[in-house]
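First chain written, first letter: the chains are A, B and C, and each begins at residue 1.
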């Protein structure tokens, strides 16, 4: 399986995860979207040395994983390429910020190490939550939610249509890549002389396909607006979910919960 | 020549595409690989070409298909894709045909010779300098076969070689296939074409081997074909439904 | 160049959302006024294609490594800047949602860095002036046009990637996240993205030349008929382009330089590559000019980096990094494990009861 094919597969896997059933899956997408945004903002607003403050935010994704039945392993497996990049962000901090901040017996942690760890945790938490949103919500439902936020129809329609065609174009690109490599042994990529025609051929065909697609849409009475899959109505449970979550985030942010918990045990 | 030993493959664990498939193809045989949609025909091709990694062993001329032997094996196998557009990614027919020979280390003169030989064999000399996106569907299919012939493979694999062709071009392609001396493996739903071009048929069903034998016998076996969601070839009365 | 959520402070992320959102709104409005309904499916399919094209490896001649395509310049040359911009947004959104390339909150910033420059700056300041200019007018019509396509693609990609990379540095700096000094960060980012921009430009040029030769009508601003008239503008257009490039590179570098003198020294003079400042067309006088810009930047930085502190006053201790804080964190982890165990227990019980039925 080549790289392009794998990409298409990953999209497909997310669709399947989103089609499962669970209490989280059945929430209104708008509620999930708003909660996720609130979570991200809260996590990012922690100060850069507030390691123990950020750890408390772990509870939300963990709870969500359990309620939605999405395996944690799947999440980390899918994010295996992105995670190292996110983790690399703070790698420089220990070199520039050497002021000792915390002493644990013989171990002294500098400010740089603390801020690096905080940054890494922030990155991982944000990734997990965004993943959980998409693993429990289909793209159609999310687009419907965006429409409800009064986002202009055209970009949302474009998003749906593009998503629909990404699979098809990826399949064609994958077949072409296979065809290339079958006749070009030992080459890892597309070589320079074929750059233009490789993507160019595909491009010309896709432009033609675009106009074909348009006739197809027109023939079935398209007038510039899609009809979205019946939107899940906003119910009481959604209001409760959103308010409880946001309230919890605020509590986590405003009160130093880890500190309080810890002080129960240690002096 | 080609040997499949207990080949299994699955994209996702729960849904196997091929399960425990074993067969052997001898040199010079023309094998039709048939089966309903989703039976695993294309996967067999991809596994054989090393595009997908399956469980079990595949031998080509006694060499196992592994990552290390891919170059050697792919040199022996020429694959004609179902969609010729995907096969022809260079600007002109000529550049596309010379692409593989140059990659396999031939000098330009040798490669040119091969291109001319292949074009002549298929009678396509006038297509040589045409642009790939400006030739008709039938010409494109023939040109795609020519690009593979220019590699001078020992085995030719074809995925639906007659799909989307008019009767005239379909006949040209069938005659071309018949005139090629190499070992051939052809997947298709066009059973009449299989009957015309193959002497042996392998019937796949749900990723398993359902039947393997002479084309004549299998393609005449209405009960067997219908049990696996297929119909008799038209020339044997396939279109006339009972009752 | 995708930025992760963790790189941005909420205030910066929100600002970038507003910027990108405004540009998107204007683009959508303009496209709606154009009333070309056929454009939508074409945009979708082309965006899908560029998405697939991004996953292909392109072998860089002379090296063993491979490069990739980003596509902003390519899309705006094919669809026009507004449609190209919206298509890029869609691509970045799908990447963000399904491949976790760039975070949900960072999407606004990513759109700005990767789509805005390529589509608008690349198009209006580089693609259109060059293609309509009389550059290479002495050559044969077709050869000249091809040369213009190549030049515009490469220059456009390089400039927009430089701007994008610089914005990444700026946004991260304003967020006050990394300890890496501003100047050092710039020095890390810009040369890398010069290389990336070149590759991007070469791929874009290769594809566009192919399209030009096969179906020239698909390209924006390629119109063979008016080249005679515009030949006069040749010199002016060239000067404009050169000035834009110089201003962008010079302005960017000097902004970086003056806001962080140490970084500057390291960047321009302390570095062993003595020719660096000359190569960039910079002399010592130029970067004195932009001190006001850097002051503004500094002021913004102060505001934004202080914001989170004021918004959420902390309970005690400078950082909450005390031993009890850590013990508390460990307890949180314990609670998390407990939740997992409970979840597993309930699922198993449900599965069992389902089996019994």
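By our rule, contacts are C-beta pairs under 8 Å (C-beta built on N, C-alpha and C of every residue); 3 or more make two chains touch, one makes a residue touch a chain.
It should be emphasised that the depicted structure is a prediction, and the values quoted were computed from it without experimental measurement.
Comparing the centres of all chains, each the average of its CA atoms, the largest separation from chain C belongs to B. More C-beta pairs in contact connect the chains of A-C than those of the other pair, out of B-C and A-C. Once the centre of each chain is set as its mean CA position, chain A and chain B turn out to be 40 Å apart. Averaging C-alpha coordinates per chain places the centre of chain B 44 Å away from that of chain C. Centre-to-centre separation of chain A and chain C, using mean CA positions: 19 Å. Each of residues 210, 214 in chain C touches at least two other chains.
Along chain B, residues 91, 133 each make contact with two or more other chains.
Counting partner chains per residue, chain A has residues 172, 187, 196-198, 200-202, 204 touching two or more of them. Within the complex, the chain C residues that touch chain B are 210, 213-214.
Chain B contributes residues 91, 131, 133 to its touches with chain C in the complex. Every residue of chain C that touches chain A in the complex is listed here, in rising order: 4-10, 13, 24-25, 28, 31-32, 37-38, 40-49, 51-53, 55-61, 64, 66, 69, 78, 86-87, 89-91, 93-94, 96-101, 103-105, 176-181, 202-203, 205-211, 214-215, 218, 308-309, 311-312, 314-329, 331-333, 335-336, 339-340, 342-344, 347. Within the complex formed with chain C, the residues of chain A that make contact are 3-4, 7, 10-11, 14, 36-37, 40-41, 43-53, 55-56, 58-59, 62-63, 65-67, 69, 72, 78-79, 82, 85-86, 89-90, 92-93, 95-97, 101-102, 104, 109, 112, 114-115, 119-120, 122-123, 126-127, 130-131, 133-134, 139, 142, 152, 154-155, 157-159, 161-166, 168-170, 172-174, 177, 187-192, 195-204, 206-207, 209-211, 213-214, 217-218, 224, 253-263, 265-267.
By the touch rule above, chain A contacts chain B in their complex via residues 1-2, 9, 172, 175-176, 178-180, 182-187, 194, 196-198, 200-202, 204-205.
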